[in-house]
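One chain, chain A, links the two complexes that follow: it is found with chain B in the first and with chain C in the second.
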Partner chain A sequence: MDARIRKKPGIARFEAYLWMLPTLTLVSVFVLFPVLESVYMSFSKVSKAGIIKSFGTLDNFRYVLKQPVFPRVIVNTVVWTVLIVLISIVISITLAIVLNERFHLRRITRTMLLFPWATSGFITACVWKYALDYQYGSVNALLIRSGLVKKNINFLGNADSAFAWLIFVGVFVTVPFMTFTLLSGLQSISVDYYEAATIDGAGFWDKLFKITLPLLRPAINVTIVLNVIYCFNSFVFVHTITGGTPAHRTDTIMTYLYWMAFSKGNYGAAAAISVIGFIVLLIFSVIYMNVQMKEETA
Partner chain B sequence: MKKTLALLLALIMALSLAACGGAPAASSEAGNEPAAESQQESKEESKEESSAQPASSEEAEPAAEEGPIEINFVAAQYSDATEAYMRKVVEAYEKEHPNVKINLEVIGWDSISTTVNTRVANKQAPDLYNGGSAGEYIEDDFLYKPEDILSDELIADFYPTFWKNNIVPGLGEVYQIPYVASVRALYCNKKIMDEVGVKPPKTWDEVRDVCAKIHDFYNGDVYAWGIDASSTEGQTTVAYYCWSNGGGYVDADGNYILNCPANVEGFTYMKELYDNGWTNENPTSETRDDLQKLVAADKLAMLVTACFFPALYPDTELYISDIPYNDKTQSSSSTLAVQDALIFFNENAKATTDSPEKLAAIADFCDYFYAPENYTPFMIQEGLLPATISGAEKLAQDDPEKAAYMSVLEGGKFYARSKPNWKDCSTSCADAAQNVLTGMQTPQEALDEAQAVVQE
Partner chain C sequence: MNVNYSKWFRAALYIIAAITCLIILYPYVVMFFSSVKGMDEIYRIPGTLLPEKWNLSNYLTVWKHIPLGYYFRNSAIVACGATALSITCAIPTGYALARMNFPGKKGFMQFIIITQMFAPVVLLVGIYKIMMTFHLTNSLFGLILLIAAFNQAFSSWLLSGTFATISRELEEAATIDGCTRLQAVIRVIIPLAAPGIVTAVIHAFIGAWNEYTLTLVLISDTYKKSLNVGIRAFFGYTNVEWWYVFTCSLLTTLPILLLFQAIDKYIVGGLTAGGVKG
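Coming up: the complex of A and B.
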């Protein structure tokens, strides 16, 4: 096709850029500038008041990597992200398939599923913090009244059980969004495939593994990438429920970063942690997308 | 193409993580709403009025050319009543000094440091700030020395113990003045102690004995001893369990001694109390507020906490005693005295210069604020203790029971807050206590790690 035919006259040529301008402005001001500032700060000597004194040092990174607890924080972040996404994807696929079926009160059920996602993260975190409280928590009260236990259980008493509960809460708030993303993917699959498979004598499992999951794969991929980033960056649940205690054993990168900046007053090290976190996410994104591209082209 | 776009999208979203680091985001400013009419008496000794020359400050919000001298004061919120009282004082002062306007902003402890540091980074520091410590700002040369701007009378009125505690090690200078003070003591629930038939313990051995009796009497349903090793108060564990054994944060020369044998023994004693099942279940996450509630609810017998505790729970009958000490190494108890400071930002942290008239107005306002008739009622309201001699004298008249704390306060030991890396020490002590209590490290390992952090 002749290029001259496609060329638009005058200001119309810049129409696309004009439409993009508000988004680009927002991204520049609220994402790009802070990112560059953080990267700059991470390579700078920063005073306790947060003033950049000089640029061109790796001291912040050395300091962070030297912290005995930092490897644990990285492991926590990876475990937190992977487990939440994996558990959530299994539950969400199941729920999406169920919600895709016709049944009585389906609409109300779908709406109810949205509640945990629509509620503010901070409120959800507070509710769970108090529900799991050792002294006055409603979960303990429920267990005791139902006769399942005789003494209160210290759910948040040690690092391992506290972290397990954090993951539970993470799954609780991740499942609704994931389910609805996958449900929209399921609804785009033509019923013709299922009808043809039924005629050919395919059972439920055949349809699930040979029609539903393969055709749902693009939606699953998007959901996984989005939720990995969301979980990795999640702050409010860990900060509210355990605050990273005991001794950072339940910290993730985001809460450790916050502690480093606002409890310890080391802004340079906090910036270095954010850059390290960015690199970890970058590596994940590149590897995941490459694997997906290879599988799709294979 | 789609895949490349998806990858780009993922990367842009990942970038948002990096945006989370760095300097804190600016908090919204609280409005200066008009307060109730002042009921404060005016100061008797009227200082020489500062000049009516307006300060040509760009930070002054009104654009008036001949406007009043503006003083920005960021103060910490001690209770729900703090702001109302402070506004009364400010309004009364402004009424007497129409050429001065005090922009008072009272901010909660959870965000005051972030808010002020954001402003400092943007050269919008307040003139007066109560909520941080000088150690954070000395290296940037952001602070006035109080002796350079305040009146000699006010400087002389501060208790020498407080003043001495504010001397920065290595510099020999003072960059902050005491604002409020409090002391810690052992508070025992009278009902529980009487039921069990025990008295407040004085020594470590007595603590063991009393804890065992309370534990046995209630079959473990009532905690005998409260430990707060949470992230906000975890540093107190060194004050409570190590000072009482001859250890502490620093030695006489101001050098950190976190892993000294006395501290290790103190932490071992704390762990013993926990391991015996005599303490609250979650000392690493249960805060002072949580534990105070347990004492008031007759679920916890003994707690070392601040002197404002009785005012918070007036219906709870308490025995008050000194923090127990190890009589095998010490001859008496050590009390933790805590002072919050007031600091004065200089021009390096602001966009404009401070005129001599403005500095005179700051000094005059401080004289007014610390005058006993203004300062002491504020301390009584908040359950805190005055840091001035004149304030303590008035306290003796107005609240003799509380005034008894003043003698304890004078002999109290302080945090090493004037050391520039105090925050490192404070957070490391909390981490060490948490590691010990959860069994992840021995006291020696935990304190060695803490010492290594503060020596970096």
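Coming up: the complex of A and C.
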């Protein structure tokens, strides 16, 4: 190696920034700038056309917090995120363990799991909206024709049942990629542990709770934090299937933000909702970084 | 756990796998059957399971109702453009993260992680405002820039993991042979990192092909919409033309699924090889 590379004088230490310039430019202009713009707007008086009138007011935040539906929206977002991640992680761990075994259905199941991940969220949402329709939905058709129920069930009829079905769809789209991440974690666990445990007379449950789950722990932690973020940011399923109806009672922060900006035309209030969203996301990212670093040092 | 358990355990494997396959297949079967049903059959109560009459002509007539050819073209332009831009920018970044030490490296990595947290939807208001300022609404180029920007965190992270697994000696040998660092990257590193790059390309392409929210907000010109947003034309105020919604859905989804059958080992393989957790 020549001296030029080994020991760099002053300015050359910054060479890396030259390599990263395209990424830095893109991210600054199209991610960082909108963040700053949203923060600025949230503290400003904004006209219906989206023009900033004056800076330095808390009215947008007051307005949002005063909305009678806002607590419901927050509770929905928490329930949506927590339930989807919890249910998905249980299903995904089970599926990952299943797919780590050799048996005939393994390959086809693995291939199929990629389908929901490769399909656009909007299309998945459309199918389930149709499938769950009260009048002519295919789930009702299946239940009636197979004689399981006498008359159609109105799955999306009230807020609670609609929200439960939204969570079902959320789980449907979350499980595939989660399973693949956990499966790759499982495959990195050495077979030796299991062989030694078998010699010691350990059964399936012993191995599950004493070997598999403890060793999978770091992968599970990272998966949970990442998926909490994905679910929190999720928009298209709620927007397409219920659109927040009835009366915002199935809205999450993201769909409520969209409605506030593009249906109601209150950009200032929407920016305030964004900022509330950032704060939650920032808390998550700090947790994520800690989890990630713990894993790297462990 | 490559150990044989009781036959109950084997049975459980088959049952769980079969149920998973059925649940996953269900929406696709519904999509296909509904796409060939006629209007009267879609709105019948109770609905039919199998189509009584197979209206395969739906796949031809749909082209007359919306400018589907434009939508295919637009989706292809945005997906290819965003993928190309995103990977071209992410390769040097991934390389710098894997190989160089520089002041502020830790801060930069944290910055990358934080940008990964922000989905476009939480920034919609700010994005909309900025795209208006740059006159980039109703522009496919604008969409390409945005999608590539939001993809940077994931791609450069994944590529830096891949580059880190490649031996430094190969690169040094090339430098001794008179290559500049850039030439060494292009001639030595990129070919060796091909599997990881393919994984990054697949992820970027799928994300861009399936993009919905940004297109919905930024594109209002009918002829500039993508397949996903174009489908919305069939959602009327009073009823939905489901048969056309699903013909378009299948036409949108099939190219991607077929592409995957050919290269599915890269989708997950590269992720683990690249050491990306998550």
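Things worth noting here:
Note that the second predicted complex is superposed on the first by the 265 of 298 C-alpha atoms of A that agree within 3 Å, B and C clash if a C-alpha of one lies under 4 Å from a C-alpha of the other, contacts with A are read in each partner's own complex, and residues count from 1 in each chain.
One rule holds for everything that comes next: contacts are C-beta pairs under 8 Å (C-beta built on N, C-alpha and C of every residue); 3 or more make two chains touch, one makes a residue touch a chain.
As the structure is a prediction and not an experimental result, all values here were calculated from the model.
Applying the stated contact rule after C-alpha superposition, one finds that A:236 touches chain C and leaves chain B untouched.
Touch criterion met: A:14 reaches chain C, while chain B stays clear of it.
Of the two partners chain B and chain C, more residues of chain A are touched by C. In the superposed pair of complexes, A:135 makes contact with chain B and with chain C alike.
In the superposed model, A:294 makes contact with neither chain B nor chain C.
When both complexes are overlaid on chain A, the residue A:150 reaches neither chain B nor chain C.
Touch criterion met: A:247 reaches chain B, while chain C stays clear of it. Of the two partner chains placed by the overlay, only chain B lies in contact with A:48; chain C stays clear of it. In the superposition on chain A, A:158 makes contact with chain B only, while chain C stays out of contact range.
In the superposed model, A:264 lies in contact with chain B only, and not with chain C.
Shared interface residues of chain A, touching chain B in one complex and chain C in the other, are 27, 30-32, 34-35, 37-38, 41, 50, 135, 222, 226, 229, 233, 235, 254, 257, 261-262, 267, 270-271, 274, 277-278, 281-282, 285, 288-289, 292. Looking at the complex, you find that chain A touches chain B at residues 27, 30-32, 34-35, 37-39, 41-42, 47-51, 63, 68-69, 134-135, 154, 156-159, 222, 225-226, 229, 232-233, 235, 242-249, 253-254, 257, 259, 261-265, 267, 270-275, 277-278, 281-282, 285-286, 288-289, 292-293, 296. Across the complex, chain C is touched by residues 1, 5, 13-17, 19-20, 22-23, 26-27, 29-38, 41, 50, 94-95, 97-106, 108-109, 111-124, 126-128, 130-131, 135-138, 140-142, 144-145, 152, 172, 180-181, 183-184, 187-188, 191, 194-195, 198, 204, 207, 212, 218-219, 222-223, 226, 229-230, 233, 235-236, 254, 257-258, 261-262, 267, 270-271, 274, 277-278, 281-282, 284-285, 288-289, 292, 295 of chain A. Chain contact summary for the complex, chain B toward chain A: residues 3, 6-7, 10-24, 113-114, 117-118, 120-121, 135-137, 139-140, 142, 230-231, 281-282, 284-285, 290, 294, 299, 349, 420, 423-424, 427, 431-432, 434-435, 437-438, 440, 449, 456.
Contacts from chain C toward chain A in the complex involve residues 1-3, 5, 9-10, 12-14, 16-18, 20-21, 23-28, 30-31, 33-34, 42-49, 85, 88-90, 92-93, 95-97, 100-103, 105, 108, 110, 113-115, 117-119, 121-130, 132, 145-146, 148-150, 152-153, 156, 172, 175, 206, 209-210, 212-213, 217, 228-229, 231, 240, 242, 245-246, 249, 252-253, 256-257, 260-261, 264, 267-268, 271-272, 277-278.
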